[in-house]
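Have a look at these structures, which come just after this line.
Two complexes, one shared chain (chain A), two partners (chain B, chain C).
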Partner chain A sequence: MRDVKIALRNLTRQKKRTILLAAAIAFGIYIITMINGFTGSFIENVSENFSNMLAGHIFVEGVEKSETGRTLNIVRNDEELMLAIEETNTPWKYITKRSDLGGTLIFAGESMRQSITGANWEIEEYFKQRIILKEGTFEQMQEEKQGIILSEKVAEKLNVEIGDRLLVKCRTYTGQQNVGEFVLTAVLIDASMFGGTTAYANISYVNELLNLQPEEYMTLGIYLEDMDLIDQAAAALYANLQTKVSMFERQSDDDENPIIAMLEQQDEEEWEGLRFQLMTLNDIMKEVQQIVNVLNTAALIILLVLFGIIMVGVTNTFRMVLMERTKEIGTMRAVGMQRGIVRKLFLYEAFFISVIGVVSGLILAGLTMFILMQIYWGVETPAFMLMKNGYMTFILSPLQVLANFAIVSGLTLVAAFFPSNKAAKLQPADALRSTN
Partner chain B sequence: MNCVINSGSLYETSSYFYIRKSEVRVKYYGLIESVVLSFLNNYFKESVLAIVELIDVKKVYPLGKTEVHAVKGVSFEICKGDFISIAGPSGSGKSTILNMIGCIDVPTEGSVLINGTETGGLSDKNITELRHEVLGFIFQSFNLIPVLNVYENVEFPLLLGKSDMSKKEKTDWIDMLIEEVGLSEWRNHKPNELSGGQRQRVAIARALATKPEIVLADEPTANLDSVTSEAIITLMKKINRDLGTTFIFSTHDPSIVEVADHIIKLRDGLITENYRHEDSRACGSDD
Partner chain C sequence: MKRFLLILMILSVGTLSFAEPDFKLMLEEIDQLGSFDDTDFSCVYTFVSEKPGEETEVTQARMFRRDASGQFVMLILKPEYQKGQGYLKVDDNVWFYDPESRKFTHSSMKENVQNSEAKNSDMDGLSLSEDYDVNSWEQGKLGNFDVYILNLVSKNDEVSYPKIKLWVRTDRTIVLKEEDYSLSDRLMRTSYYPKYVQVGEKFVPSQILIVDNLQEGEKTQLTMKNPSTASLPDSVFSKAYIERVNN
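Right, the complex of A and B next:
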């Protein structure tokens, strides 16, 4: 108690210096906490945004090779797929079936290329919850077979209003030219980075334009109850599907992106009829994970450099403290203070500085995060993928915070140890002779 | 046989006698002799033995390539309860000698005995304990701990070791000391709010906190004006008389030298004079 009291009071002797040192530590902790908080939410936000965009966590697609050597995606009959999902007890929450069409929308002399996703709005509950319509409703979409949902920006550019009819120039599934007509039924507030390039229509009409059968589609998307189950569920489903249909190999090579590997494989190989491929959000996220790893490594390097600087600062500060208090150390030793206690006094002091620094750094980081989380950044920024519906989020694990605290105070103590030890080893007579 | 009054000669005579009788008897008497001598020795130690003894102490400081012979072979004894002044001009070795008695420095040669214990062979831990339990220090520049107030400064040494005092006893004792040095009103003030004289009073109270047998004061009045100096010396003398604490202080102020029971004068690291005042009580007497 006595040691703690003296150490605490010693902190107040050179307030400016204490504050500066604590501020340096606070700054280090602040930066690290911000980066940790950001990368913590990064992966989650990016995968959520991807899953919204791609409509699922696990995707199954049929792949055909045309006579011209093009690979085409199609699911002609999904009985086996559905059976496999049932047999493996896949913990799905929503299942989507979509077809994609690339085409040029034309209205009153204005034209624009769009990717048009055909969806069955009866089963797209998840998507409907996520999309905010500025005008029109999903019910109207279901009623209007040729209905189309454009993003706000596209509608503005084409200068179309609800009820206007747009021409679409596209190609069928097999590559023939085709023309159709859409009715603008709803306008959505850009809720994804790709809102500007994707329009939504009814799958029945999209299939017509693609020259596909009404029950056919291109991609089966499965939303799971929990994103953590992706790998497990995908593995089970893949194993089951292998017994029913011909499947493309799933690459498990860590270095290569599994999707790219699969696409390369499809380009090289020749086959007859329909084969299936299974992809997961995690496969797609592998690339993103690499970015996160880079960020974390950068954070670690920053952390080390910063703490190197802080350690030098701590050591120097305590050298100075030692010089200032040499006589006092001599007095305390003369009066009967043991060496170990002298050392302890300095170490306590260093520890308290690190606690002050860490706590204020954390408070500052918390405040900054809170403020940043209140700001709506919009969805048009390229950083959209990193955010949650246009808001920044931060996820910090208490363990990480604790680890940072332990590292900082550990390093501070190590840095303070050498001057403290020197102080403890001073000969009382020499220390007392000091002119300070 | 002669009537022998001197015990020493008694042994001599009887030894002589018995040597002639038989070897066994010599051995027997030799044993008695040593028992009696050790009893006398112990009795001597208890009452009149020097509380501090320096035997041919030398101190050499290395100074660059040369050496400074600060103390060049000094021997003296200090009696328990005395008020001792070590006097001499600047650079004569007063501080060096006090530091060695205070066990905050070690002699290059010779021995320093505190209560009969040779301090040269003790570990740092034991030396520190010895300082804590037996010695008190008063410094020329007061050396109070700036972050502690008057009460806490006086209390400080008590917190360093194990103490058999209860909390209440401790508080009363410290308050008594503060009262004794006349600073009751300043109990909660920090050192920087006190005058030099007041600071030295705090230092005196602190030096007495652990009830040491010896208080060492290296020029305790050098930083004070003559009136304050006199008051401080009077206070030390009073404590010396009331508590029987041995005070050893260095000074080059001749007027202060006069109040001492025992005066050791130094010049160039050697003793030039070593005497006791005639009117002081006899060394080792209890009054």
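Right, the complex of A and C next:
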């Protein structure tokens, strides 16, 4: 305890130097904590935004091989799918049935390619809450069979206003050319990175353009009560569906992403008739997880580089401390202080500096995060997908904070070890004779 | 009796003049006219595309066809920034090669050639008799030519256009004009075939004008040059050839 007190007193003897060293450590911790906080929320926010955009957490698609060998995306009868959901007690909150078409919208000499999602607006309450309309209403959309919702930017580029009729050049689900007419019913604020390329329409009219029957569709989406249940619910549903219908295998020999594995089976394997594929948001997010891993690795490298520089500073500072206190060390050693205690004094000082630096860095990062979380960035920013309803969020894992603290303290102690060892090895007589 | 015979003669002549031609055979002849089943075929196509408010775009492509085995290779020669791109059709698979990424991706004969109104299938042999039935017909005139105007409907739901209207010369089986309709019965594009050239025993359109009926002012003119029926090496119809020709 006495040693700790002496170390703390020593720190206050050169306040400026202590503050500067602690500030350098705080800066490093601040940067790494901000990056960790950002990547922590990255996955969660992107997952949530993707699930809103794709209308679900688990997706089941029907894939049919035509007589000529073409692959057609269609769910003709979903009785078995619904039965499987019921039998597995899938904890669903909303179930969506959607059809999508890629088409070129044409209006007064302007044209633009769009992905048009057909949804049933009478039942898609959750999705309606996630779309922010600038003009028009969902009620109008339900009333107008040929209604379409365009993003603000697309409406501006095509120079269309509410009530205007647009032509759409598209293909049926079998690939035949088709032309339809949409009525602009509402304009939405671009709320995702796909806002500029995605439009929304009534599934009944989209099906008509795709030459699908009214009860047919392309993708069954399941919103779960809790995103954490995705893998568990998907596994149960997949196992149940395997007993009822022909499914594409989600597993592959080389541990590929299930989406890639299923696409390869479609392309490379001999099969016929109707098969189903089950995908989850986590399959899609695996690629995003890789981005997070890269960011975290980059953050760790930044941490190590920063602390490499800080270590040099710590070593130099403690060498100076050693020179300044040579006589003092000689005196202490002369009155009986053991070498180990001298070494400990130096290491305690280094440890306390790292603690002060880490705590300051964490407080500063916490404050910055708090301020950033209060700012509404809007939904028109390209970074919307990374945010939660237009607000930045940060999620820090306590384990990661502890790991950062351990790395910083460890490195500081290593940096201080050599000067402290030298101090400990000083002969009292030599130290007292020193002219420093 | 004389009167009866006269009426019978008039009726016979009338029946003869309005006798329905064998349209199945006519479609087969149209298919045969542009199909090179016994030889290979190669030529250079130039596409001049006009779009309102945009500069006229010129694309040039060298094409190789082996209709007997349904093979097709098209290499883009111009513009410079697209040079080296290529299409390869083997059986029902169509591949697009991008020299920048050096990768082949799946494509389709229904895709447009670069930024033009022409489709890959326009460059390939025809299969009207296989894919369409003549639903109705009438006689008419197109310019100075007497023509049969045929309304075709597709036999399957996988051809690009569910309905086609053809203007075929009555004196010889040559298509002068074609209108393509969507499933919703909307006119999507009109093609004119003003010039034909004889290549061996076949007649191939040497000039085609394709007008987009949905986007006013958009049209593409195709001109064919250097047609040849010289035999081509098997290696031409391969991915390796398209890759090699760019290096």
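Everything below uses one rule, namely that the second predicted complex is superposed on the first by the 386 of 436 C-alpha atoms of A that agree within 3 Å, B and C clash if a C-alpha of one lies under 4 Å from a C-alpha of the other, contacts with A are read in each partner's own complex, and residues count from 1 in each chain.
Keep this in mind: a residue touches a chain if its C-beta (ideal position, glycine included) is under 8 Å from a C-beta of that chain, and two chains touch if they have at least 3 such contacts.
Source: prediction; values computed, not measured.
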item: Which superposed partner A:R13 touches (first chain B, second chain C, both, neither); value: first
item: Chain B versus chain C as contact partner of A:G180, first or second or both or neither; value: second
item: Partner chain in contact with A:Q142 - chain B first, chain C second, else both or neither; value: neither
item: Touched partner set for A:S66, first chain B, second chain C, both or neither; value: second
item: First (chain B), second (chain C), both or neither touched by A:L167; value: second
item: Touched partner set for A:S111, first chain B, second chain C, both or neither; value: second
item: Which superposed partner A:N211 touches (first chain B, second chain C, both, neither); value: second
item: Touching partner for A:M337 - first (chain B), second (chain C), both, neither; value: first
item: Residues on chain C engaged by chain A in the complex (per definition of touch); value: 52-53, 92, 108, 110, 154, 156-162, 180, 182-184, 186, 188, 214-217
item: Contact set on chain A toward chain B in their complex; value: 2, 6, 9-10, 12-13, 327-328, 330-339, 341, 427-429, 432
item: Chain B residues touching chain A - in the complex, by the definition given at the top; value: 99, 102, 104-105, 124-125, 128-129, 131-133, 137, 139, 141, 143, 145-148, 156-157, 159-161, 206, 210
item: Residues of chain A defined as touching chain C within the complex; value: 66, 68-70, 106, 109, 111, 167, 169, 171-172, 174-180, 209, 211
